[in-house]
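So the structure is just underneath, and the comments pick up after that.
To keep things simple, chains are lettered A, B, C, D and E as they appear, and every chain counts its residues starting from 1.
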């Protein structure tokens, strides 16, 4: 009896493990959704791989938003997510950036051959960083990847790429467009043609063992709403 | 920086202190028990204690996640018997801090207990003092300089712990967001002002704690050595 | 696991050893100079030495990047004068390992030099020994148990260093891919076999080094204390 | 009352000491390195004989024939011991050193006056002279009001006058307490003055006088 | 040859010692705590007087009137010192202890025989008796062939026979080297035997005999 009243009083808490690049957008959505649903949102942010591993080890998560399909596939294969709830909620582009301080003049894909003149190129490790994987595909389709091997600095995440470019230690780098927009010290020289790499999508799904299934599904629905999509766009995400 | 949430400060402070106390007690006890003993395999045990230092914190975190996760051998028991969920909770933050700082305290304490003249303990025994009393009144104060060094290292390491915490405790604002995690996420989201703010806070916090510890030690534990040169 | 590249093993080994040697020399020297002196601000200096321990390694790495980067105050000079590029090179790996493990050695050494009877040094001086000789033949061996503890901590920490290395050195296969970096990327990419392989390698490497160090110390530095109980 | 029979291999000779003492003062007298300190250490429980037994009053501290019995730990033997090298606690003041095992504050008060270290109570052992240390160690050993007393060259660092006062005080205390005392000394006059029985030891073997 | 004038405030009295010594043996004789060890420490350079001077041969070790001059460091004074608490190096064998500052191996060889510690050469100081330690410290101090010798109660832990042999040896060495020696002792017989001059000290002040 006593227990019940307690449960009613306590607001439900929805734990959302989300790719770290979505941090700012999610923070902006948080109060809106919380108000509509009388729920508290808790974000657990990190690299998609780390988040997936936490889920594999039984971390109490309700919703997972990954920055790539691979980890979502693994979780789906292990039946840790509800397959029917899986949706691609947004997307991103690969941006080619340089420091504002340099006067590099690669303004378009056609001038990419000038990359030969730069010394160091920062890119996410393609084996672990989705943005790196897409960059690899992009450069491979231009037949540049192998040629540039010796100049590549592999970073553990997109943020590290940004840091290298911001501090001038790498001349140029490849990051998500959304990441590039968080920094006011880099220029986006151009964005990669989306046809030259796999589509960059952010799949989301409700966990199999969630205790708040309805709320979780509401949250996924909310992510697809115009309001949420506008917020995502303002941070550089595009479906 | 508009809406400054100070919870990481309090959380980090609380965590570092509690972890330091627990590590201190356990490591000093183990070091004392093992320091004057020699048996085959002792070196191996001591090397195992150093594991969390050799492995990158993320890997330590991964190991802890496997142990304390819902399906892990320890995590399972804790949930079934006590309904305590470790992952993503404050317990996880504490556990991570304890595990990574333990080797520092153990090594320091172990050296400290070898450093003084065992004869003095015998002298205390002849005066009828119990083992417990001899430990507290003779061994402990004589080993103190080394123990203090270990304490300082332990506190600093617990305060700065990041990799294992992130893995085991996740980054959950208000619950597991210690200062190092706050710095990391501020950097990740490009908020350099926020990052700098937290770096300053953690440095000030670490410094004050360490300076206080040194001051306290000089006052209460080492007054005899101050007099030495008088 | 098909095409196993063993370069991280050699790189980590080399880095840990060189970093340990450098840290040992510098920290022991500084600790000795400061341990028997007291001046205002000494505590503050010692607290600064602890900074790399309090700050998360990534932040330390960020700081090093600012210092040693192409446009950093030190990095610039090195490039212009000596044409040495630190960032993304093996130097970066070494520097990161040195910086993060320094506090461990300093604290241990500092405690060790306070731990023995200074009278014995005077006795050596009356026999005409120079400062240098007294240091090597008296102070150093008497402080050895604490120095050994510091050495073990330093080596383990240098071997396990990850965050600052990754930031300053990047991940460049064959040049800066130490074992901890290899483990990290294996874990991140879900290649658990590879991760386990490297974890085993680093544990074996760390253990062998530490066991060897303990064995060597027992043989060459502590033979007198073995005899104590005879 | 005190009954010991010690056999112990040392590096250069074997120690073989057998003695029984009532409530008397026994002086152990012998050249340097003859095994005197080793005997005291065995009685106190810091070392153990290879063979033999050690008994005080009804208690058996050590008995090599009784395999089940472990040696009584030092702290249960109630034996006062003035160490040859004093073994003062460096982190405690003279006062704290003396108070550490103190059972009889009255005795201590008297002693402090007689042996002349009252003015040093608040000082640390590293800041007092050799003879002062020795006197502190003496008071500390007596303060525990032990069942037996072992004194290893208790007055070797004292000048004749101080030594004489300390000896007299020791005799007075013995008259009061009536406990077995074993006193090690090199000083023949001292041996004659303090010993009700003098045992000579040489290379580990007793030569009754 | 040795010319000292020391003024130093101690906690319970002031030390004021003035003495000149040619190549002679001076005994410093006085009650426990009277400042004997402090005098030796000042000469050796371990402590410094508040005022006064210390000179040996042509060298000035300390002079409070000469503000520019820093006290000569211990290791440049060439003064042999047997510490009251021996100060043997615990991590070195007896042999290594003696070899540490050895200048005169011939003397050492003779000494080892006479004082009877030859069989202990490979042993560590923690494993030898009190009197044995004292003799090691004596040999160690003499081995350096110093310009002056300070002995702080050099024979206090020795039995009469060993003591006598050691005293004779010391006299023989003094005859050979002809250096100033300052010997602290409490033993009147020893003072008479060793001292060409006996200086009594009490509460820090000399009383010429």
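Points worth noting:
Simple rule for what comes next: a contact is a pair of C-beta atoms (placed from the backbone, for glycine too) under 8 Å apart; a residue touches a chain by one contact, two chains touch by 3 or more.
Protein names from UniProt, one per chain: B, C = Molybdenum transport system permease; D, E = ABC transporter.
Note that the structure is a prediction, hence the values are computed from the model and not measured.
The minimal number of chain-to-chain contact steps leading from chain B to chain E (ABC transporter) is 2.
Considering the contact criterion stated above, no chain is in touch with chain B and with chain D (ABC transporter) alike. When C-beta pairs in contact are tallied for each pair of chains, B-C comes out on top. In the contact between chain B and chain C, the residue numbers used by both copies make up over half of all numbers at that interface.
Centroid distances built from C-alpha atoms place A farthest away from chain E (ABC transporter). Among the other chains, the CA centroid farthest from that of chain C is the one of D.
Computed centre separation for the pair chain A/chain E (ABC transporter) is 79 angstrom, with centres defined by C-alpha atoms.
The distance from the centre of chain B to the centre of chain C, each centre being the mean of the chain's C-alpha atoms, comes to 20 Å. Per-chain Cα centroids separate chain C from chain E (ABC transporter) by 44 Å. For the pair chain C and chain D (ABC transporter), the distance between C-alpha centroids works out to 49 Å. Shared contact sites, meaning residues of chain C that touch two or more other chains, fall at 62, 184, 187, 228. Those residues of chain E (ABC transporter) in touch with two or more other chains are numbered 85, 127. The residues of chain A that reach two or more other chains are 50, 53, 163, listed in rising order.
Contact between chains, using the touch rule, shows up for A-B, A-C, B-C, B-D, C-E, D-E.
On the side of chain D (ABC transporter), the complex with chain E (ABC transporter) involves touching residues 11-12, 30-33, 36-37, 84-85, 119, 123, 127-132, 134-135, 152-153, 156-163, 186, 188. Listing the residues of chain C that touch chain A in their complex gives 62, 65-66, 69-72, 87-88, 166-167, 170-173, 184-185, 187-191.
Residues 47, 49-50, 52-53, 71, 74, 120, 122, 125, 127-128, 152-156, 160, 163-164, 167-169 of chain A are the ones that touch chain C when the two sit in their complex. Contacts from chain A toward chain B in the complex involve residues 15, 17, 20, 23-24, 42-46, 50, 53-54, 57-60, 157, 159, 162-163, 179, 182-183. Contact residues of chain B toward chain D (ABC transporter) in the complex are 119-120, 122-131, 134, 137-138, 141-142, 224, 227-228, 230.
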